[in-house]
Amino acid sequence: MSLLSVQNVTRRFGSLVAVDNVSMTVEPGELRAVIGPNGAGKTTFFNLISGFLRPTSGRIVFDGEDITDLLPARRVWRGIARTFQITEVFPELTVRENLRIAVEVAAGYRLRPWISRARSTEVDIRVDELVGLGGLGAVRDRLVGELSHGDQRANEIMMALALKPRLLLLDEPTAGMGDQETYEITQLIRRLHRDQRLTIVLIEHDMRVIFHLADRIMVLAEGAVLAEGTPAEIGADEAVQAAYLGQAA
Amino acid sequence: MGVSGKRAADVAVWVLLLTMPYWLNWVGGYTALGSRVLVLALAAMSLNFLLGFTGVLSFGHAAYFGLGVYGVGLTIKYLVPNTLIGMAVGVLVGGAAAVVIGALIVRLRGVYFAMVTIAFGQVFYFIAFRWNVVTGGDDGLSGWRRVPIDLGFTTIDILGNDKAFYYLAFICFAGAIAIMAALLRSPFGRTLLAIRENERRARFLGIPVEFHIWLSWVISCVFVSLAGTLYALLNNFADPHDLRWDQSGDFVIMAVLGGMRSFWGPLIGAAIFVVLQDYVSSETQNWMSFIGLFFVLVVLFFPRGVLGLMQRRTAA
Amino acid sequence: MAVAARGDRAAAMTQLVLFNLFNGLIIGAFYALMALGLSLILNLSGVINFAHGGFLAIGAYLAFAMMPYTGFWWALLLAPVLTAVIGLIVERVLIRRLYGRDPLYSLLLTFGLAFIFEDGLRYIWGPSTVPFATPDWLSASLSGQFFFLTGYRLFMVVLVVVAVVALFVILNRTRLGIRIRAGTLDLETVSVLGVNVRILRNLNFGLGAFLAGLAGVLAAGMLGLQPTIGSTLIMPSFVAIIIGGLGSLPGTLLGGLLIGAASGVVTVFFPSASEAVIYVMMGLVLLVRPRGLLGEEGRF
C-alpha cells in the first residue's frame, strides 16, 4: 500500500486556482521531487499535505487513513513532518535546546511538568545522536538564530527527524545556499533517505540536487501536473523544458 | 553567566527576600513596603510566565488580580472572617474566570488578543465599580481587615505584626515561584518557550498550541489572583483601581523594566517601580505624568530591561 | 377601560423603546466615529493606540481654549486639525521607532502617552469639569413630542454621517486613501510599488487623530469636559472594533452603532445594565464568531 495518496486535490483562493486537480502517490521509501516554475503551487501543495490549508476538493490519504480534515498537529502525530521554505526554528534557543524540544514532544512528554533523571538522560542521548547526524557538533551550544543558513537548515531538518516521521516534506531545503552548503545538505538528505529509510518528498529548484537524489519527479506548472516520471524521462520531456524555458524568457 | 553563577544569584535573591524585614529599615524602607514589593513582584512574575516565557501579551491581568482582591475582601467581610479561606476563595474565583475567558480568547493572536484582554479587564473593573451595594463602588470595600490565622496550637497575628504578614506573603510567593520555575524547566515549560520562539514551528512539531497557551494563561492568572489576595490583605482594603487597565499596564512595565526574558527580571522591575511610585507620588501631584514618561522612556531606551542589559554586558 | 389602558401602555412602551433606540444610535454613531480613528491606525500600522482617548481630550480642550476667540464653528473645524498635527508629530518622533518590534512596545508607549496627556490636561485646565459652550440654538429641542431630539444631538448625527462619508470617500477615491487600504492588506507590496510607507503611516495616524479630536469636540458638547473624558470613552471604541471585526472599517462602524443601539434599548428595561450589555455582546461575538461580525479571516 502506498504511504501517501493525494487524490484530485484542488485549492482555490477566491477565483485563483493555486492547486488544480493534482494527484500523487508516494510509495514507502521513495524520494520524490516536486519541481516547477515559481508560482506553480508547490508550497501550497505542501501546505495541503501538512494540514496548513484545507483542500477545496479532493482527498488526502496517509497510510490508509483519510487525513483530509485533520489538523496540522495531528498529522505530525501520524508521522508527517515538514520543513519550510523560510527556515522555521527557535532562534533564541541553542541547537541542543531546539532538538530537545522536538525529541521531548515526539516522546509524548509535551505536557509533563516534571521529568525523571533517567528519561532526561535518554532525551540527551537522542539529542546528541541528532546533532551528530546533522553535522552540528561544532555549533551545538550556539543560538540557532546566529548560525549560518546551512546550519539552520540542518537544525530544522534534524528537528523534523526527531519526530520519527514516516514521511518527510522538505520545502526547498537548499534555497539561498552556496555550492558548499548545497552539497552538504544534499548529502544529509541522502543519508536520511538511505540510512534511515525515510520516505521523502522534496520541493527543489536546484536541478543538480534533484537529479542526485530523486527516484521520481513530479512537475507542477500553474497548479496542475505537467509531467511525472524518472529523472531521465523528465529531463527529456519537451513540455517540461518549455515550461522552464518559458519562465526564463 | 555560567550555571554556578546563576545558582549563586538565585541563592542570593532568596536570602535577601527571606531577611528583608530585617535589613529594609536600614536602607530607609519599612516592612509594609517590602510586602508590597513582594506581592507586586509575584503579580509581575506571574504575568511574565505568560508574557516573557510563552510570548503572549496580556494587558488585562489586573482583572484576575482584582478578583483576588475582592474575593478575599468580600469573603472576610460578608462570609467567613478567615484569612486563608478568603484567600482560597479569591484564587478560585480568579482561576475560574481565567479558565472560562481563556477558552474564549485563546484562538486569537497578537494585537487582537491584547485588545480583548484589555476589554475583559474592563468588564471586571466595571462590575466592581457599579455593583456598589456589594463592592462599595468607587469608595472601595472597606470595613474589614486581615484576620489573624488561628492554627489551633498558635495564632499568627498577621494583622498587628507587619513582619508576620510579610512572612505569610513570602511563603505564598516562594511556593508560587517555585512551582513556576519548576514548570519552566520541565518539558511542558519548554513547549511554552517553543511557542514563544516560533509558533508555527511549534505547531508543526505537533504541539497543540492553543491548549498550551490556555494552560499557561490559567497558571499565570491563578498566581496573579493569589497576589491580588495578598495585596488586599496588605491594605485591608479592596480598591476598584486595582482592576483598572493602568494596573495591568503597571504589571507589564515591571516585567519589561526588569527584563522579560529572565526569571527574576520582574522582581527587580517591581522593586524599582514600587519605590519610584512611592517617591514620586509623595513629591508631586503630577505623578501620573511621571509614570507615563517612565513608560515611554523604558520602551524607547530600555526595552530589554535591567537584566537584559546585564546579560549583554557579560556576553561581551 | 382596562383594554384601552393596556393599549396606551403598549404605545408608551414602544415610544420609550424607540426613543432610547434612537438615542442609543446617536451615541453609537459617536462611538463609531472614535472607533474608526482607532481602527485606521490599528489596521495599517498594527498599533493599538491607547492614547486615542488622550487625542480625543486634546481635541476637546483645544476647542474649549479657542472658542472665546473663534466661536464654536471655527473651533469645531480647527481643533481636530490641530489634534491631527499633534498626532503627526507623535507618530514621527515616537511611534515610528517601534514598528519593527513586538506590538507590546507600541502598546506600552501609547499607554504612557495616555497618562501624560491626561495629566497634562489636568495640569493646564484643572481636574474639574469646565463649561463647554455650544451654540444656543443647537440646544433647543426640535419637537415637543420627541423632546429628546435636541438640535445638538441631531447636529451630532449629521456631523458624524458627514465625517464617515467623507472618510469613506477619502479611502476609496483619493490616492492617499487607496494607498492606505492597500497598505492595510499588504504593506510590503505597497512599498515595493514605490509608495513611501513612512509618510503613509504618518498621514494615516494623523487622520486617526483628526477623527479622535473631532469626536472630542462633539463629546464635550454632549457630556461636559473634564480631563478623564478620554479614558472613559476609549473602552467602547475597543469593544466596537472587536465586535465589528478587526481589519474592517465598515465592521467598526457597525460595531459602534450596534453597541450604542443595544445599550440604548437595554436602558429601558435595566438601566444599570446598559453599560454592561456592550461587554456581554463582546463575549457573545467572541464565542460565536471570534473574528468579529465583518472581520476577515486570518487577520490576526
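The letters A, B and C name the chains in turn, as written, and every chain counts its residues from 1.
Here is the rule we go by: contacts are C-beta pairs under 8 Å (C-beta built on N, C-alpha and C of every residue); 3 or more make two chains touch, one makes a residue touch a chain.
From a predicted model like this one, the values you see are computed outputs, not experimental measurements.
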Shared touching partners of chain A and chain B are none
Of all chains, the one whose CA centroid lies most distant from that of chain B is A
Give me the ID of the chain with the smallest distance between its Cα centroid and the all-protein Cα centroid.
B
Between chain A and chain B, what's the gap in Å when you average each chain's C-alpha atoms?
43
On a C-alpha centroid basis, what's the spacing between chain B and chain C, in Å?
32
Could you grab the centroid distance between chain A and chain C? Build each centroid from C-alpha atoms only and quote it in angstrom.
48
For chain C, what residues touch not just one other chain but two or more?
none
Okay, in this complex, where on chain A does chain B touch?
50, 72-74, 76-77, 81-82, 84, 88-93, 97, 100-102, 104-106, 109-115, 159, 163
Contacts from chain B onto chain A in the complex sit at residues 182-183, 186-191, 193-194, 197-198, 200-201, 203-209, 212, 261
In the complex formed with chain B, which residues of chain C make contact?
42, 46-48, 94, 97-98, 101-105, 107-109, 111-120, 122-123, 235, 238-239, 241-242, 246, 272, 275-276, 279, 282-283, 286-287, 290, 299-300
Help me check something: in the complex, which residues belonging to chain B touch chain C?
51, 57, 59, 104-105, 107-116, 118-120, 122-123, 126-127, 130, 246, 249, 252-253, 256, 286, 288-289, 291-296, 298-300, 303
